[in-house]
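Each structure below is given as structure tokens.
Here come two complexes built around chain A, the first alongside chain B, the second alongside chain C.
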Partner chain A sequence: MSAATQLYVITLLVYFFVDLMVCWGLDLQFGVAGVLNFAYIVFQAAGAYTTAVLTLGPSSGNGGFQHYVGGARLPFPLPLLAAMVVGVLLALFVGFIGLRRLRSDYQAMVMLVVSVIATAIADTQLNLVNGPAGLALVPKPLASSISLSPLGYGWLFVVFSGVVCVLVGWLIHRIVESPLGRTLRAIREDERAAAALGRNVNGSRLLVFVIGGAVAALSGGILVEFVGAWAPSGWLYPETFVLFTAIIVGGRANVFGVALGALLIPVGLQQAVEYIPIVNSPTVLASLEWIITGLVTITFLWVRPQGLLPERRRTVRSIDRAVRRRAVVIAAGTSESLGGGP
Partner chain B sequence: MKGDLLVSAIGFGIVTASVLAVGAVGFTLQFSVTNILNLAFGSVMTIAGFTAYALNARGVNIWLCLLVAGLAGGVLSVALNAMLFAPLVRRGTKLFGMVIITISVALILDHLVQAIVGPSFFSYRVSAGRTMHLGAMVFTTTELITIGIAVVAMLALHVALKFTRFGKAMRAVATDPLLARACGIRTHRVVNLAWFLSGVLAGMAGVILFIDTATFSATTGTEFLVIIIAAAVLGGVGHAYGAMLGALVVGIVSEIAAALINPSLKEIAAFVLLVLVLLVRPRGILAEVAANKEVVA
Partner chain C sequence: MSLQPGVGKGDQADGLGQPPPGETGTKALLQALGLGRDFGGVHAVDEVSFSVAQGTITGIIGPNGAGKSTVLGMLAGEVRPSRGTIRFDGRDLVGVPPHKVARAGIVRTFQLASVFSHLTVFENVLMGDYAPRIENLWASLAGRRVWRKQERDRIDKAHQILEQFDMARVGDLYAGELSGGQKRLVEIMRALMASPRLLLLDEPMAGVNRTIGARIEEILLQLRSQGMTVLMIEHELEVVERLCDPVIVMARGRVLHRGTMEEIRRNHDVQKAYLVG
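And then the complex of A and B:
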């Protein structure tokens, strides 16, 4: 592969892994728990800004053309961990305010407005995170200590983001299959029944909100370390819409479905549009991308709202079988410990 | 000095409130009847505004363009409902699904406009007219006409809702669609009328907004949509008179915040107001509609 092709593939893969993490996090909130978080992109942005600010060093550096709060030069994993902490704190803050028992479209409205407020604040408060120009020149992690060619470093970063992505995916899969996952699905289907059965509805929802927020923040940190820059124009509220489209197309509450959606929509669609030969103006291309994304969403909600890989139907039979299997094991174990026959 | 600043801010607030009122009432009218949170409202405003621009650039008087734009907005809204929203509701799409649909439509329409007109800014050919001073408040003739249009539109709507048969039918469907149907009201027609009126008001609001903001681009309408929704929800979701009140409050409060605290806070003030209202009293100040209704097509 030529160097240019390699660079293209590296960029594509890193973006895919980051988008995949983000989609899984949002799916945990929306697909499994039914929490309508239209401000999800804000958490990714918060993680990105935190990581950037903690790797850039004091704002007077680099000629002092960027104005932002904080500023430190922390070594490699610390900025990412700090990003996750910020994600958790922000999720707690937004969750306490926004996760009220509102009807679903009002909830969407509240979160959408939160997203708009966040971009407005980042844009207008120039000393917070350098306003509309955003942060730039974010150094790549461990670039000085690892002596590799730029392409070699790129592939290393792909492996790194891939490993983190797989870990996140495994974590989310474990949550979805766990009793917590069952609780979340129960809350999603019928909140009052779940509460009547003694489930902590608000606590579980806040927990998912926080986990999702941490995942988003981590993904933002990884992305900003790869790209090296971050500006408010990159995280406007329609970006969350793209993630929702990915989940709707792929299949909500299905880990592989969401992975498929993440491959098709944020990565696949964006790249496919670049290859349309008729259009050569970049602004028209960007508009075309959004138009196609909107059309895809509408088409899928019309034709196949459950997505390409729908949620696995968990029936009583499957639980029955599991219970019976465990009963046999217990019986066998008991007879052994009693040291005799049945 | 501060008092003068406050009063002039109130003056600006009244102009902003007029623009908001037309939009908020249009939004609320449709929402009260169909229960669909139509986030494509801003796009309808933008398209109507640019239709007016196309005519205005050829020399048509801006106020005539306003009427044409209103008509265009009405037709577009009815078409959207007939082709997209109604079929999806019949297929069983619920509240949140409809929000995603309207956002998709908004994105598609906005970017279509953007692809066609490009990212530049435009302005209408309309003279501002003489300036008049009412105490510390300053108004231009155009602004006064804008306020006048808003007042006339509100009055016309009030008369229509209270005294005509269709107005009463709309209020009936807004309160209880099933019961209205049982009483022999053709809900299908009422819904279409609601979309048409909402579209007309959206079109007019779009043109007044573009006149008020002097220069506009393809994204101006949708940017203003959130403030319109703030006004509509504040006043009372589904209550047209509440929307007028909400428009007044949001318009004046945001202008006062901009004048007294920080100009960049104008939009943020409106948004924070909306979030607070949605959380503290999601039914708004003058609420009439139950929060547990389903969508109507």
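And then the complex of A and C:
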């Protein structure tokens, strides 16, 4: 494999893991709990900025050509952890305002407005995160202390992002398959009925908002460490709809469906469009991407709203098996130790 | 297994209140005093007072727009009263959110059956049991070893309820795939899974065929014999006559009369406002 091909594969894999993480986080909110967070990309951006400014060092560094607040040069992985904390705090703030006392459709509108406001602030407040130009020259983590070729470092980054991605997926899967996950799915189906059975709907929604916010911020941090740059134009509100499309296409509330969606839409579709020969202008290319994404969303909502890999039906047998397997094993063991059996 | 009502400290006689002025009978589990709810300038419910004695099935009847569902909504914490008090087992429930009302032991069903459509029937029933110790983030992350036992207990209980309602064969169906009557049964099973101290039913016979209706009646009578307290809104007067004592008649947001169906039939005001229209 040539160096160029390797670089291409490395980039695709890191993007896939980052997109998958962020899709799983959004799926916990939207697919599992039914929260329409149209501001989701803002949490990824917040994580990216936090990681960037805590890695870049003071604003006066690099000749002072970038202006931002809170610059520091923290060792890896502290910037990523700080990004998650910022994601949590932002989720608490936005969730507290947007999730309480509002019906879910109004919540969605609030989130859309939050997204637009956040982009406007980042664009116009030049000293906050360097305005529309964004931040560049973000150092790669541990690059100076690891003596690897650029390609070797790239592959190491693939492994790192892949491990983090699997860990995130495992944690989310654990939540979804637990009794709490059932409660979240019930809230998605009928919040009035869930509340009438003792479930704190606002509290549960805020919980998934916080978890999803932390995951998005972490994914943003990993992405900015890989790319080395980040600008407001990269997290406009339509980007959230790409993630929604991935979930709708793959299958909401199904970790494997979401993985398939993340592979097909943010990674696959974007790459496929670039291979269309008639497109030779970047503007047309971007527009075509949005058009296709929109058409795919509408088509799936009409034809296959459950997605390619629908949510798994939890049968009585599977629910029983989840709690009894170990008990049966223990019972069998006890029986043997007591001299039971044939 | 019997469909036992929940037992808590409130079941002690000391915790039960006296019925509102003008009402006689056993000590009340629930009391509504001077309840009112305004929507804009309209008094949807006004000066509504009644009590629900423990171990009874109390019926609420009345023409459309009488304010029956609004009263039920206020009791369940969904609608905040504009005035008045609600006392349940000596505790004031005004301003308490629905999930805390449910945790206090008041569980309701809805006028339009509100099942969790994309959860199976079995999962719907499981949802009736609220278990804060295992339905939290830490228990989820810690894994099955933390929540297995309690989950297993409630799975056993759900199996028993499904068997009792003869619904085990549809346990794997999504609740949204059921008929209207079966959805009603799921709602009732789910409510019973919560072991409520007071069960609020909003038109449990609406959209239900005769067979399932008879089954629901049978279940409610069984619950009453086991000491469960039920407050139900119902339009089918024959059903009310068979199940409920006492019956509260509401019209235009107020309580017109309270008594047995026999007494209600003889009441001129009720005939005028309800039976005539």
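Miscellaneous remarks
We take it that the second predicted complex is superposed on the first by the 311 of 342 C-alpha atoms of A that agree within 3 Å, B and C clash if a C-alpha of one lies under 4 Å from a C-alpha of the other, contacts with A are read in each partner's own complex, and residues count from 1 in each chain.
Operating definition for what follows: a residue touches a chain if its C-beta (ideal position, glycine included) is under 8 Å from a C-beta of that chain, and two chains touch if they have at least 3 such contacts.
As the structure is a prediction and not an experimental result, all values here were calculated from the model.
In the superposition on chain A, A:103 makes contact with chain B only, while chain C stays out of contact range. In the superposed model, A:200 makes contact with chain C only, not with chain B. In the superposed model, A:322 lies in contact with chain C only, and not with chain B.
By the touch criterion stated above, A:41 is placed in contact with neither chain B nor chain C.
Shared-chain residue A:192: touches chain C; no touch with chain B.
By the touch criterion defined above, A:309 lies against neither chain B nor chain C after alignment on the C-alpha atoms of chain A. In the superposed model, A:180 lies in contact with chain C only, and not with chain B.
Once the two complexes are laid over each other on the shared chain, residue contacts for A:171 go to chain C alone; chain B is not touched.
Shared interface residues of chain A, touching chain B in one complex and chain C in the other, do not exist. Those residues of chain B lying in contact with chain A across their complex are 37, 84, 87-88, 91, 93-101, 103-105, 107-108, 110-112, 114-115, 118-119, 226, 229-230, 233, 264-265, 267-268, 271-272, 274-275, 278-279, 282, 291-292. Interface residues of chain A facing chain C in the complex, by the touch rule stated above, are 171, 174-175, 178-183, 185-186, 188-190, 192-201, 207, 211, 311, 313-317, 319-320, 322-324, 326-327.
Only residues 76, 78, 97-99, 102-103, 107-108, 110, 114-120, 122-123, 126-128, 130-131, 134-137, 139-141, 143-144, 147-148, 151-152, 155, 171-172, 174, 190, 194 of chain C touch chain A when the two sit together in their complex. In the complex of the two chains, the chain A residues touching chain B come out as 36, 97-98, 100, 102-110, 112-114, 116-117, 120-121, 124, 238, 241, 244, 248, 283-284, 286-288, 290-291, 293-295, 297-298, 301-302, 305.
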